[in-house]
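These are the structures, in C-alpha cells.
Both complexes shown next keep chain A, but they swap its partner, so chain B is in the first and chain C is in the second.
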Partner chain A sequence: MATQVFKLPESLKGDVKYSFCPGCDHGVAVRLVAEVLDELGVRENTILAASIGCSVTIYDFINVDSLEAPHGRAMAEATGIKRARPDKIVFTYQGDGDFASIGLAESMHAALRGENITAICINNTTYGMTGGQLGPTTLVGQVTTTSPTGRNVDYYGYPIKIAEHIALCDGTAFSARVSLDTVANIKKAKQAIKKAFEVQIHGLGFGFVEILSTCPTNWKMSPEKAHERVRNEMMPVFKPGIYKDVTVQN
Partner chain B sequence: MSRIVIDKEKCKACYLCINECPKQLIKISNDTNKLGVHTVEFNDPDNKCIGCAMCAMRCPDLAITEVYRG
Partner chain C sequence: MTECLTNKKVLTKGNYAIANAAVLAGCQCYFGYPITPQSEIGEFMSGKMQELKRGYVSAESELAAINMTIGAVSTGVKAMTSSSSCAVALMQEGLSYAATDELPVVLVSVMRGGPGLGNIYPSQGDYFQATKGGGNGDYKLIVLAPSTVQECVDLTYKAFYLAQKYRNPTVLLADGLLGQMMEPVEFYEYPYPEIDTSSWALTGAKGRDGRIIRSYGPLADDRCVFLEKLYAKYNTIEENETQWEEINTEDADIILVSFGSTSRNVKTAMKMLREKGIKAGFFRPITLYPFPSKRLHELSQNTKKFITVEVNMGQMVNDVRLAVNGKCPVELINKGVGVPPSAKEIVTRVEDLL
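What follows is the complex of A and B.
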C-alpha cells in the first residue's frame, strides 16, 4: 500500500496556476509559507499584508485574508493590523526592493519596535517585475538594465545585507537567511520560515527570513544556471545562516 | 509501488525536476500543453521510483501534485 508523501498544501488555492516565470523560485517560497501555515494550523487566523512586485501575486494563490499596501509600506500596514487585532497572525511577503529599498524605513523601524509580526523577504538581486533594474541587493559588478557596465561601487555603492541588519535590531526575535538552490536548502528554508512564525505565535518579537531566490528572466539564464549563480556568486556574499534567535540565547 | 502525479497544464518547462531525480525517470515529453511548451513526463516501467519527492519539492510551479511511496 503506497502512502502519500507529498501533496499540495491546503493553504494554497488548489486550482490556481502560478503566474511566475518558468523556473522562478517564488513558487517554492509561496509553497513553503503555505506548508508552514498548514503545519502550525493558523491559516484561518492569519492576515497577509501584500507588497508590490512579483511577490504581490501571493494573494492570488494563498488562501488567507490579505490587504494590499503601497510600495514598501507592507510593514507599516502589518503593524497597524497587528496592533488592532493582536490575536491574529500577521505576516508580509516582500521582495528585496520593496523591503530593503523603498520600504527600508518601515522595515527597519518595525524590527526596532519589536513588532510581533513575521516578514518573508525574497532576495533575487534585482527588480524583477519592472524589468531587471539595479536593486539594493544587486551584487558588485552585476549587469542590470540600469547598470549596463555592472554595479560600480564608486557610483552605486554596496549591496545591503538585510538579514544581518535586521539581526542587529533589539526588537528582532529571529533573523535568518536561507537559500532555495538545492532540495536540502529548501528543507532548511522551511524550518526557518516555521521558526519566524513560531516567535510571533509565542509573542517574542519580530521574525524575519531572507530567502535567496532566482530571476532567470532578468538574469537572462536558464533556471539551472540561475541556481548555479545563487551558489557561486550570491551565497559567498549573502551567507546563509541564522543571525539571531532569542529562543536559543535564552 | 512509488509514483508521482504530474499536472501537465501547470508545467512551464523549466526542467529543474529532470536533474533532481536520482533515478533519471523524468524526461522531456513530445507532447505540449496549452502554454505550447514541451512538458515533462514520468516514465517508470521498472518500478525504480523511490518516492523521495525531491522532484515535487524542487518544482516551482507545483506541477508535481502528488507523490506516493511504497
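What follows is the complex of A and C.
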C-alpha cells in the first residue's frame, strides 16, 4: 500500500506556479514557511506583511491574509497589524535590500521594541528584481551592475551581517542564519523558521531568520554553481548559526 | 489634560481636543513621531492608549508611523497618526499606498511654516500637500479643515467616519494656531454609525482563502480599470460629502473665501465691510477635498469678485479660479506665514482691491 510522503502544504495555493527564476532559493524558502505554518496550525490566524522585490511575490503563492508594504516598510506595517490584532501571528518576508538597507531603521527598531513578529529575510547579496545591483550584503570583491570592477571597500564600504546585528537587540528572542545549499541545511533552515514563529506564539519577542539564497540569473550561474557559491563564498563570511535564542539557557 | 472627557464642556487646546475626540471615536491605535506644533497629540495618546489597553507606538520615524497606521487599519480597526508639514512630507509615499490600497488611514496634519524646516509659526502652506498629494500617481485624500477647537472635535469624528465609509485616507488639516490655542469645547459620543469592515479587512483567513491588499498592478489594462473605479468613488465622495459654510453670499458684490483658522478673522472682516455699506459675502470650504467648486461656480454667476484670504503664498486661490473659470476676477490677500491677518487689516486690503 502506497504511503504519501510529500504533498502540497495547505498554506500554499495549489493552483499557481512559482514565478521565481529556475534555481532561485525563494521557492524553497516559501515552501518551508508554508510547511511551518501548517505544522503550527496557524494558517487561518496569520497575517503577512509583504515587501518589495522578488520577495513580494510570496503573496501569490502563500494562502494567508497579506498586506503589501512599500519598499522597506514591511516591519512598520507588521508592527501596526500586531498592535491592532495582538492575537494574530504576524510575519514579514523580505529581501536583504528591503530588510537591511531601505528598511534597516524599521527592522532594528522592531527588534529593539521586541515586537512579537517573525521576520524572514532572504540574503542573495544583490538586488534581484531590478537586475543585480550592489546591495547591503554584496560581498567584498563581488561584481554587480553597480560595482562593475567588484566591491572595493575603500569605495563601497562593507556588507552588513544582518543576523548578528539583530541578535544584539535586547528585544530579539531568536536570531539565526541558515542556508539552503544542501538537504541537511534545508532541514536546519526549517527548524530555525519554526523557532522564529514559536517565540512569537509564546510572546517572547522578535524572531528572525536570515536565509542565504541563490540568485542564478543575476549571478549568471547555473543553479548548481550558484549553490557552490553560497557554500564557498557566502558561508565563510555570513556564517550560518543561531546567534540568539532566549529559550536556551546559557 | 489626561482625562478622557465625554459630555463635558471644557477649556482645552486644539491638539488635546483632537486626541480626546480620536479616543472617543474608537481609535484603537496611534502611531507618531514628535514634531512641534502637534506633539501634545502623541503625549496624550501615549498615556491614554496604554490605560485603555489600545495600541501606541512611539515610531522611529514618520515613514514608520504612517506605515504602522496602514498596517493597523488593514485589519479593520480605526487608527491614526499625526504630524506636521516637513514631517508629513515624509508620509507622502504611505498616503499614496493607502489611497490605492483603499485603506482608511486618518492623518492629523497640524501645519507649521515651510518650506523645508521652516518654522513653528502657524501656516496654511500645506494646502497643496494635503489636497494635491505629494505621493506618486492619481489619487485623492479626503481633507477636512477645522476653524475652531470645537470643529477639531467634530471633524475628527467625521474623519474616522468618512475614512471607513469610503475606505479612503482622510486628513484633518489644522494649523499651529488651532493646535495650540485654548477654547471652550464640548465633547459628545461618536455620532456616526460603525462601518462593517469584515468584507475586506485582514483578520486571518479563517475558513477562506487569503486576501491580498496590494497596490502592485503589473498589467496596464487592469490598472486602467482599477483607476476608473477609484475615480468613480471620488465622484461619489464629491457628490455626497462636499461641505462648506457661506454667509451673506446671495446679494454679495465680493465674496471672501478662506478656510481654517484664517477664516475667523475673514468672517469678522466681512461683517465690518457690511457695516461700511460694502456688500461682502463669506465662503468657507470645510472639505478642501472634495472642494466646493460647484457652489463657487454658481455664486460666480451673480457676484463681481472673489477674494481668497490665506496664510501662504496663494494656494487655495488656484482652486477658486478653476471653479470660477474666468466668470469674474479672483484675487488674493495673503501673508506668507504666521498668525492670520487681523480683520482690520483684511478690511483695508479688501478696500484697496475694490
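Just so we're on the same page, the second predicted complex is superposed on the first by the 249 of 250 C-alpha atoms of A that agree within 3 Å, B and C clash if a C-alpha of one lies under 4 Å from a C-alpha of the other, contacts with A are read in each partner's own complex, and residues count from 1 in each chain.
As a working rule, contacts are C-beta pairs under 8 Å (C-beta built on N, C-alpha and C of every residue); 3 or more make two chains touch, one makes a residue touch a chain.
Only a predicted model underlies this, so the values are computations on that prediction, with no experimental measurement involved.
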In the three-chain superposition, say which chain, chain B or chain C, touches more residues of chain A.
C
Give one of first, second, both or neither to describe whether A:238 is in contact with chain B, with chain C, with both, or with none.
neither
After the superposition on A, what does A:59 contact: first (chain B), second (chain C), both or neither?
second
Partner chain(s) touched by A:174 [first = chain B, second = chain C, both, neither]:
neither
Report for A:99: first if it touches chain B alone, second if chain C alone, otherwise both or neither.
neither
After superposition on the shared chain, which partner residues are touched by A:208: those of chain B (first), chain C (second), both, or neither?
neither
Quick check for you: in the superposed arrangement, does A:127 touch first (chain B), second (chain C), both or neither?
neither
On chain A, the footprints of chain B and chain C overlap at residues none
In the complex, chain A residues that touch chain C:
13, 43-50, 56, 59, 62-70, 72-73, 76-85, 88-89, 105-106, 109, 113
Any idea which chain A residues touch chain B in the complex?
1-8, 12, 17-18, 20-28, 31, 183, 186-187, 216, 223-224, 227
Can you tell me which positions in chain C touch chain A when the two form their complex?
28-29, 31, 55-57, 59-61, 63-65, 67-75, 77, 79, 93-94, 97, 101, 202-207, 209-216
Please name which positions on chain B make contact with chain A in the complex.
1-3, 9-10, 12-16, 19-20, 37, 51, 53-54, 56-62, 64-70
